[in-house]
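To keep things simple, chains are lettered A, B, C, D and E as they appear, and every chain counts its residues starting from 1.
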Amino acid sequence: MDTVLVAEGLNTFYGKSHILFDVSLKVNRQETLCLMGRNGAGKSTTFKTLVAVLKPRSGKILFNGIDITKKKPYEVARLGLSLVPEDRRIFPTLTVKENLLMGASTHRKGIWNLDMVFEFFPVLKDYQSRLGGNLSGGEQQMLTIARTLMGNPEVILLDEPSEGLSPVMVSTLKDLIIRLKSVGSTIILSEQNVKFAQSVSDRVVIIDKGSICYESDIETFKKNEEIKKAYLAV
Amino acid sequence: MEIYISQFIGGLSVAMLLFLVASGLSLIFGVANIFNFAHGSFYLLGSYIAYQTISLFPNFWIGLITATIGAGLIGAILEFIFLKRLYGRVNEGPFQILLTYSFILILDDAVKFIWGPEYKTIVKPDILEGSFVIGSIFIPKYNVFIIIVGIAIALLAWYVLNKTKAGMIVRASSLDRTMVGLLGVNVSMVMTAVFGIATALGGLAGAMAAPLRTVTPGAGIEVIIDSLIVVVLGGLGNFWGALLGALIIGEVNAFGILWIPQWASLLSFAIMIIVLIFKPQGLFSKSR
Amino acid sequence: MMNNIKGQYIGWIVFFIVFMSLAFLNPTEHTINIASKILVMGLFATAFNLLFGTTGLLSFGHALFFGLGAYITGMVVKSYGAEVFIPMVFLGGIISAIVSILLGFLCLRLTGVYFTMLTLAFAQLVWGITIKWYNFTGGDDGIQGIERPPLFDTFSSYYILILIVVFISMLLIYIVRSSPFGMVLRGIGQNPKRITFLGMNVYRHCLFAYVISAFFSAIAGGLFAGIDGSIHPNLFFWTQSGGVILMTILGGLNSFFGPLIGATIFIILEDVVIRQTEYWSFVIGVIMLSAVIFLPKGVISLLDFIQRLRKT
Amino acid sequence: MVLCEIKGLDKRFGGIHVTRSMDFKIQEGELSAIIGPNGAGKTTLFNLISGFIRPDKGQVFFMGRDITNMTPENITRLGMVRSFQVSSIFPDEKVFDNIFLAALSYHKKNWSFYKTNTAYKDAMKDAEIILNSLNLNEKAHLWAYELSHGDQKVLDIAIALAMKPSLLLMDEPTSGMSPDERKRMKVLLKRLHEEFKITIVFIEHDMDMVMDVAQKVRVLVQGQLIAENTPEVIMQTQSVIDAYLGEDGF
Amino acid sequence: MFKKHFLVLGLVAVIVLLSFSVSMAAEVIKIGALYPMTGRAGLYGKDSEAAIKIALDEVNAKGLVKGKYKLDVIITDDQSKPDYAVSVAKRYITSDKVKFLFGVISSAVGLAVTEVSKDYKVIFIGTDHAATDLTAHKFQRYYFRVSNNTYQSMFAGAMYLKDMPGWKKIAYIGPDYAYGRDQWLELRYGLDKLGVKYEIVGEFWPKLYEPDYTSYITAIIRAKPDILVAGFWGGDTVAFIKQAKAYGLFEKMKYFHPDAGGNYELFAAMGDELPDGLILSARHHNNWPPTKENKAFVDKFYKATGRYPSYAAQGAYAGILFIAQAIEKVGNPNDTEALVKALEGMKLKLPEDPEGFTSYIDPKTHQIVQMQAIGVTEKNDKFPPAKKMLGNFKVYPADKLMPTDEYVELLKKTKK
């Protein structure tokens, strides 16, 4: 299969504390990979390391064969690897439309533009001149994903997208991810909501205490109650 | 009646020069959350660079341009080498004050070292010499020029900030630098550019003020407090606010001089006290 | 917490020994003069930092209280003689505290830059009035020939007085900072909303801190009046407020002794560098710039660095 | 007995009607949840009840007193205490001091400025009891910012407990928590209710938590209270399913 | 530019080394000088410094008391801050063991330093600060001033106005501090004393270093005075004239600025732009008196610095000469009381003295007594970059310009 993103032996520190220990990952084109684990296990740190917000002390990240380990976050984004952060980070005093246009800063060509985004997220079209800060939590989650899509990324990293959303909103999110898959996006997801993760992912990687400790396709994972108990406390 | 009109117009040109000086401070202060204590030093640099250029190529307009570019470049370089290191650090705000204050000490002394302590002067271009006379009211052409430039800068800044992609990126950067970077914008460059533009505005103001004022070491210090008042009065980061603030200070002073000349020099502080007590976030704040 | 307290004791001992020994080492009058100024400005900066270092509220008008202390002492001593000097220093503190209640009532409703600018405006207003009210304050010529109090009328004995008053004042500020009230102030700095939802009034706590800060700033000002017996309206000017802010940040605003260290560095630098070169402002600027770049927590972080070296 | 009564509460922000003539009563001893889609006005409701924002119309009574126009700090002193969605702690203080500070406030020692902290035995004792009962004692000497996300939420609750509340309003106590942390929180909530006898109202998205813990559920949609009942009934209510729960059962 | 400075630096080093080797022979008498060297007043400090060097060279070349002593001056930037200056002055006396305090541009600093001089009984030579108080009610016997005070300028000004026909209405603009206020008080006192009838139509008080005078200018024009008296100091004059010119202010009234208006730095800064017919004076003029002493001084200064001196230079130069002459007369620098006696009434021919007049120090007030010359701006490009200088001078006799006891009483009352 075609590999798009490879991380080898990442070791990341937060100040003096060692967070990631030799994390290696492989992501195939057009798959949805779910990174699972408890709080503080290192999911967000992994994501931040991949998009160069945090610099690993050692290890290497290859994206489409290009070494991006030493690049800056904006360079990584321009290459097509984009993070949708856990805390959403909408620009509150910019309008919805401006928030979306900010996403186009990668200057990448692709299927995503304002029209396409509005078709995918009709809510945003109705609210396009509202300020980002006036949207509800669910709408903000939509906006933050849409904003990243505007940059036509090849790979999207979604950090805990279901967090703080009402069940009905999580369903909408599920539908959205399935639609994204259908247009050929590669998605890496981090989740604690097992039910939700199982409903959208192709493959699962579990991280615990900063190391990868389990990896399998989704069907195997679904059956493995032991693993779920041991690392996810479900 | 005529006296009120002429006093009003006088106040207007004071206000516009104030606004011109404060506009750069307003830009970085409000939009990029950087407090540049050294803004007055870039104003001073602007005056001296214009003086230097004009003494080499006797053309006022070239002087204006080199002053703007020169002050902007120096600002951008200082931001790139020093200010950048503070972003995201603990107590970033207080240390910005300390750092930009050290810029004042260094730049002002450098000016004295390079150009000496004596006063320099820039002559207005011929086309701006003289005044328009309406009845008994004099309006110096140069003041009209300043008013036009001031309005042009306010309009341009409003347009760029609110209607262009670059302005949008700047506004977004002021809110969340990390996120802007994640979206593929070279934020570091944006900050350098914003700082450079702001100091360029300071330089432009210095060059434009030079034909009306004394160009001497230490002249930068005096403008900083006035600019601060203007910026805060209108509400942070709001160009229209800064313009309104400048107008209020200019006009209140103009009429204060007429009616209570003894106390005129304290009026700007009195105005700020009154405004802040009744509108604690400045005049153009959105009440939350 | 325990470590901290131990560290602070060492700080107090070093502080007292260094400044006490100065009095016995047969120093020159100039050394004593500089040391006196360090103590006075150190107290001023420490008092200023009671508000800034805990709640984060940056007053750009603290010179008002310092100047008020100096002028009350200076003017009354000038009219009624040196016997009233020490009571006047104290009275200056009280009056300053009363003034600060009125000002705080208006200023502390604001936060952030707006608070900073409003305090600046008030201080500048008082500066302007001091200059204009010639018959009362002596205008910009200031007041000269303020006598020192009896018993402490030589430069060295006056130094002892300063040392005692500053030491006691700083100890009192220290006690306030480490009291429950001080803890509430730090809480306000970190999370004012939480303080509200713990049933405490943010505004009133800040006001009280502001008043204490004003009181000790004025004490410092009163002491200052006796050092050279010469005071001027520039004690009220914004550069004076700015100076104390710079000292505090340079020394380290998160540490109790930071402001004192900042004051020490500033005053010694000013004395030494200006003596050497006309381009002192350039030299001091470069030193300050390097400190900002290399000492991210202020000069006090050098101490941390030394401690870490000792541990390893 | 009614502990807190909300009468005709109404609030607009600009053009948006965030709370529409809300009426309900919180009984003493209840352990209830508030659910509703994002943007339904749940947090605003808490802000209105706790005095953080003033309502346009309507009244709030707490222990028989009209508290509509009281300041949040005075309402807190009456025994209505909040915890927050984003844990609201003092990050640059030690864990112990976080709770100690709250206990000092409860004992009205927050104005004492002439004695060192160790002089306040009552507050110290309270803080220690809370540390122990929430299993934070091993972490007492850490800086609060060093705690894990879940522990910070627990600390947030610990701070609230130090005020010895009679009514505790909790905004998404499990937000951002992993499944095992959620389990701990579940147990904690039940203990607070049973051992400490605190009336608790919490906002929640995790339906497992709501089902397991809450005795009563109120559903908010677009600023309106659309249902109020036991969890079992609520789960079956069609309007709630449409507006909030969805068919997937996440 | 930098090269030049290094050259100067090198030269200074050589001179220092040389003078050090010379000083082995002669005992060095230290003088502690205080001048602003940075900021807006820095020009006056720098010019004073240059003039001091010129004077030192002259004095030390001859040698004092048959080569037994030589003078050395330490200069410190007083930052125009009185409290700082006091501490430096004390350091000079106690650590550096200076025999004289010297200098000072700002009157506030002067008033502060004179107290130190009194307390420590060290002679303080004031070279350039004009507050009349220092030689009036704040007089102390160790203080001497070798430049004129504002009373002298303003009284000369009053005499000038008395002789000027066809005016009645007068307005004043001056900086809002003691210097600005004193000038106005003194001018009015002078006019009253001389029995001149006048009507005041406005008083304006901008702050010192006010950058923008536009609103003051429109208000002054409305007041329609025949004469505008100005009391600006330093660069403020430049800003005011530049701004007022565009409003046609100088066509509508006479501009009269008798204390610091005729400073050379104004002419240098304004070149052609300076209107003709302004009535100005200064404490020293580069083109008056047309004596060879004055010309020699100005030329020497130009040679040393590459620019013509501002008024402050002559004061500093005179101060060193007075010290030298006093030491010469007493024979040693240690007998302070004898030096005071020697300085009282001492006469010295200065660059500022016209033919047939010699400056002297008034023994009663320790104020130098000098002629005052008031002139009118006219074309004169002999001192570039200035294109205009003063001409058509009217000279006022020195002895008529001393503050009367009556005025000192008035001053005491208004200023406490």
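Here, a residue touches a chain if its C-beta (ideal position, glycine included) is under 8 Å from a C-beta of that chain, and two chains touch if they have at least 3 such contacts.
Bear in mind that the values here come from a model prediction, so they are computed numbers and not experimental data.
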| item | value |
| --- | --- |
| Length of the shortest touching-chain route, subunit C through to subunit E | 1 |
| Two chains sharing the most contacts, counting C-beta pairs only | B-E |
| Label of the chain whose CA centroid is most distant from the centroid of subunit A | E |
| Centre distance in Å when subunit A and subunit B are each reduced to the mean of their C-alpha atoms | 43 |
| Inter-centroid spacing, subunit E versus subunit A (mean Cα positions, whole Å) | 75 |
| Subunit A and subunit C: spacing of chain centres that average the CA atoms, whole Å | 51 |
| Subunit E: positions in contact with at least two other chains | 38, 176 |
| Multi-partner residues of subunit B (each touching 2 or more other chains) | 108-109, 112-113, 262, 265 |
| Subunit D, residues touching no fewer than two other chains | none |
| Pairs of chains found to touch, sorted by chain label | A-B, A-D, B-C, B-E, C-D, C-E |
| Footprint of subunit D on subunit A - complex, ascending | 37-40, 134-139, 160, 162-171, 174, 192-196, 199, 232-234 |
| Interface residues, subunit D side, partner subunit A - complex | 16, 35-39, 85, 148-150, 172, 175-181, 183, 205, 207, 242-250 |
| Touching residues (chain side subunit D, partner subunit C) in the complex | 50, 52, 71-74, 76-77, 81-82, 84, 88-94, 97, 100-102, 104-106, 109-117, 120, 123, 141, 159, 163 |
| Subunit C to subunit D touching residues, read off their complex | 1, 175-176, 178-184, 186-187, 190-191, 193-194, 196-201, 205, 208, 212 |
| Complex interface listing, subunit C residues touching subunit B | 58, 106, 109-110, 113-114, 117-118, 120-122, 124-125, 128-129, 132, 238, 242, 245-246, 249-250, 253-254, 279, 281-282, 284-286, 288-289, 291-293, 296-297 |
